[in-house]
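Next come two complexes, and both contain subunit A; in the first it sits with subunit B, in the second with subunit C.
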Partner chain A sequence: MKIDLTILAPYVGFLAEGALLTAEVCAVALVGSVILGMLVAIARTSQLAWVRGLAFAYVDLFRNIPFLVQLFFFYYGLPEIGIYIDAFTTGVIALSISGGAYASDAIRAGILAIDNGIIEAAEVSGLPRRVIFTRIVLPIALRTSVRPLGSVLINMILTSSILSTITLNELTGNARIVTSETFRPFEVYVVLLLVYAALTYLVSIAISLLHRWLNRDMQPEVN
Partner chain B sequence: MRYTEFTPFDLWLLTQGLGVTIGLFLATSLLGVLIGVVWGVIRFYRVPVLTQLITFVSEILKNSPVLVQLFLVFFGFPGLLKMNVTPVTAALITLSANTAAFVYVIAVSAIESIGRDQIEAARVFGLTRWQVLRHVIAPQAAAFSIGPLTALLVNQLQVTSLISVIGVMDLAKIGANLNLRTLKPFIVWTAVGILYYLAAKLVAMLGSALEKRLRAHSAFRGL
Partner chain C sequence: MLKVENVKKAFGDVIVLDGVNLTVSPGEVVSILGSSGSGKSTLIRCINGLEKLNDGRITVDDFDVSKPRDLAEARKRSGTVFQLFNLYPHMTALQNITLAPVEVLKRPKAEAEAEGRALLASVGLGDRADAYPSQLSGGQRQRVGICRALAMKPRYLLLDEVTSALDPEMTAEVLAILAKLATDGTTMLFVTHEIEFARQISDRIVFLEKGKLLVDLPAEQFFAPDGGLAQPRVAQFLSKMRKD
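Coming up: the complex of A and B.
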């Protein structure tokens, strides 16, 4: 059998639709996981031992259980307790919760890396604790953790392919449909492999640029 | 009529699934580490063309979803290569290659972590390039890479759950079957999740024990 990529030409639009859905899911899940990660990172750097323990349990659990199992837990479990939501919402929830575990680690590292002097200076200036956290600690932590958060996003893009198992027709889901129509699995999946690799490569370039831009005032002066 | 109740036999099924998961995990990890290290050695010898090819393949494998790789091997290879691919073969090929791609990166950074002065000193003493690799680099690189390697393997253990999608009767697939029969998703997926969690913890524990052992020569012994 010869490799013939032209066979895919009529399906480019269909695959692009899937890619768009992948992008949508990942964008929403990224926002969800960064918010969740921020809250959990705050909990993990808390002074209360039980809050720290609870946050650690969440991170430990969701990092050590396969995403597929988490996804099925939500997909089959939520209707059981009377919550009927579509595959898209389930996918976003599952991705956010599992991504939140990874994001919290990145943000926590950013918080722990903050110089004590900065916090002490803020305290001496008479800022209340809440303001110190939201206006000083978080912005610095988020800025330094852009790169690790970026790899969380890249992982999320790759993980989102698993959502095709719960009937969400994102990029991989649509590719499966194309395969069953063309009977050309090799061509379809090779192209898909390269598309995902290109997509994540572009995202990683964008993250590097964002990191450079956010930390522009920390760059040494170049004369 | 069908059995909707849990039976003691389900426990045996879960054990079997766990056995399949762990067996495939061990086999693919072993193969993956071997291939990855060989790739790293090829790069160490700076073999032209082959080095660039390996780097390219490893980038593609790292930056695309494992699910798509699985589909490519399981659905794509039979048509193109006129070979019969069983789900287990597809799982073995894909997971080994995927692990190898990540091990390659770890191997390269482990080899590069050893100071040039050590290698130059060894060369001056008249050691061949192989002897340098075997007696100077390998022991230190092994100790250096065991931490990242453990993290990778814990991750790869969870990735094995994806092979259930192509029909390997692993733990996730058994879970899916039990879920369909009993319609008790919370109990089934919680049990499956706990089993995966325990397996992951076991891998992490073994990894840190091995790391302690390999680092014993450079550990602080006290005064």
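Coming up: the complex of A and C.
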């Protein structure tokens, strides 16, 4: 068999559309999972036992169910009881919920690592709880959480390929269409491998830069 | 007036404060001496509301720290400087100082920053406003800590062993600032092991022992043979501290 990547030339635009959709789903789901992760991380440190219990149950539950099963439940299961959600929204919700479970772990670890004295200093200066959380706790927690959160995001990009199973034509979905039209799976999937690797590599570079910026006080001073 | 009335505090079975009474009037400098574990730091932590009282009452200008509704007002009136500085690591020296004035007192940012810079200059850190805590020495961090407390214009400054984590040289730079504050009439409640310094700047010295306030005397009398020294525990403590 002769390998010939040029046969994919007519499909570059089509594959790029898929890649864009992957990026869109993941971007929205990233925001969703970080917000959800934050709320759950707060809930897990709540003084109310039932709030804590609920948060722990959510994390344990969604980390222990295959993503594909969650996805099928949302997309094929829920319509049975009259809840219809389109493929894109289903993808975002499913990725957010499963990503949120992992994100909450990363954020919680970051919060628990904060020196209590720093929070006490904020309390005695009279700062309201909301300000302490947004201006002190969260920024300091993110300094350590940003790397594990990056792993959650990268995992999410990889997992998003499964969304092709619910008719969402993201990168993998479009690649399957191209394969069935060209009968050249080798070429198509080689390209797919490279695109996913490049995508996640870019994300990890961005995370490293963000980590450096959040910890900018640790840099040697520029005089 | 800062009033501590019959305050009791226990951690589990361990009684840390056992009926403490203490009053600090505006303009006064009161030092608290006592060996480690005598309850000094816990007393400060009760005054700024970090620990709940088991019994008794603490009021800062009549605001009761045990009442959630009063606590915010009480905290506005007192500023705390900590042994381990507790600066916000992700903020510059100046941001550490301006956060509370802007967020709590609703001061305009530019005004708070101008005042913050003036405070930093007054402690010899005028050129370090944009440095992060990790880029400052211990003594410099504690000076920022003092500025952060002063920026709220507290009526009472609570100092909890603020030089215990510093080497002698850095201790000297921080004490010089406290001496200046004392001369300027800042009201201070000063937990310390720096006995000679306490003697110089204090109006009164109190001695805590196992959660009880054994002595409360004007500074000079505290060191007089018929004053504080008449108490065997105080004499023992002072001679031991001076030997070290």
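In this text, the second predicted complex is superposed on the first by the 217 of 223 C-alpha atoms of A that agree within 3 Å, B and C clash if a C-alpha of one lies under 4 Å from a C-alpha of the other, contacts with A are read in each partner's own complex, and residues count from 1 in each chain.
Everything below uses one rule, namely that contacts are C-beta pairs under 8 Å (C-beta built on N, C-alpha and C of every residue); 3 or more make two chains touch, one makes a residue touch a chain.
Computed from a predicted structure; not experimentally measured.
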### Task
Return first, second, both or neither, reflecting whether A:Thr172 touches subunit B, subunit C, both chains, or no partner chain.
first
### Message
A:Ile3 in the overlay: touching subunit B, subunit C, both, or neither? Say first, second, both or neither.
### Response
first
### Query
If you count the residues of subunit A that each partner touches, which comes out higher, subunit B or subunit C?
B
### Task
Have a look at where A:Thr159 lands relative to subunit B and subunit C in the superposition and call it first, second, both or neither.
first
### Query
If you stack the two complexes on chain A, which partner ends up touching A:Pro185: first (subunit B), second (subunit C), both, or neither?
first
### Query
What is the contact status of A:Ile118 with respect to subunit B (first) and subunit C (second): first, second, both, or neither?
second
### Message
Which partner chains sit in contact with A:Val31 here, subunit B, subunit C, both or neither? Use first/second/both/neither.
### Response
neither
### Message
Looking at A:Tyr201, would you say it contacts subunit B, subunit C, both, or neither? Reply first, second, both or neither.
### Response
first
### Message
Quick check for you: in the superposed arrangement, does A:Leu61 touch first (subunit B), second (subunit C), both or neither?
### Response
first
### Task
Could you tell me if A:Tyr76 is touching subunit B, subunit C, both of them or neither one (first, second, both, neither)?
first
### Query
Looking at subunit A, which of its residues have contacts with both subunit B and subunit C?
none
### Summary
Given the complex, residues on subunit A that touch subunit C span 115, 117-118, 120-128, 131, 135-136, 139-140, 143, 214, 216-218, 221
### subunit A to subunit B touching residues, read off their complex
1, 3, 61, 64-70, 72-73, 76-77, 80, 154, 158-159, 161-162, 164-165, 172, 175-176, 179, 183-190, 192-194, 196-197, 200-201
### Touching residues on subunit C, where the partner in the complex is subunit A
48-50, 72, 75-76, 78-80, 82, 84, 86-90, 99-100, 103-104, 131-135, 148-149, 152
### Query
Tell me, which parts of subunit B touch subunit A in their complex?
59-60, 63-69, 71-72, 75-77, 79-80, 82, 154, 158-162, 164-165, 172, 175-176, 179, 184-186, 189-190, 192-193, 196-197, 200-201
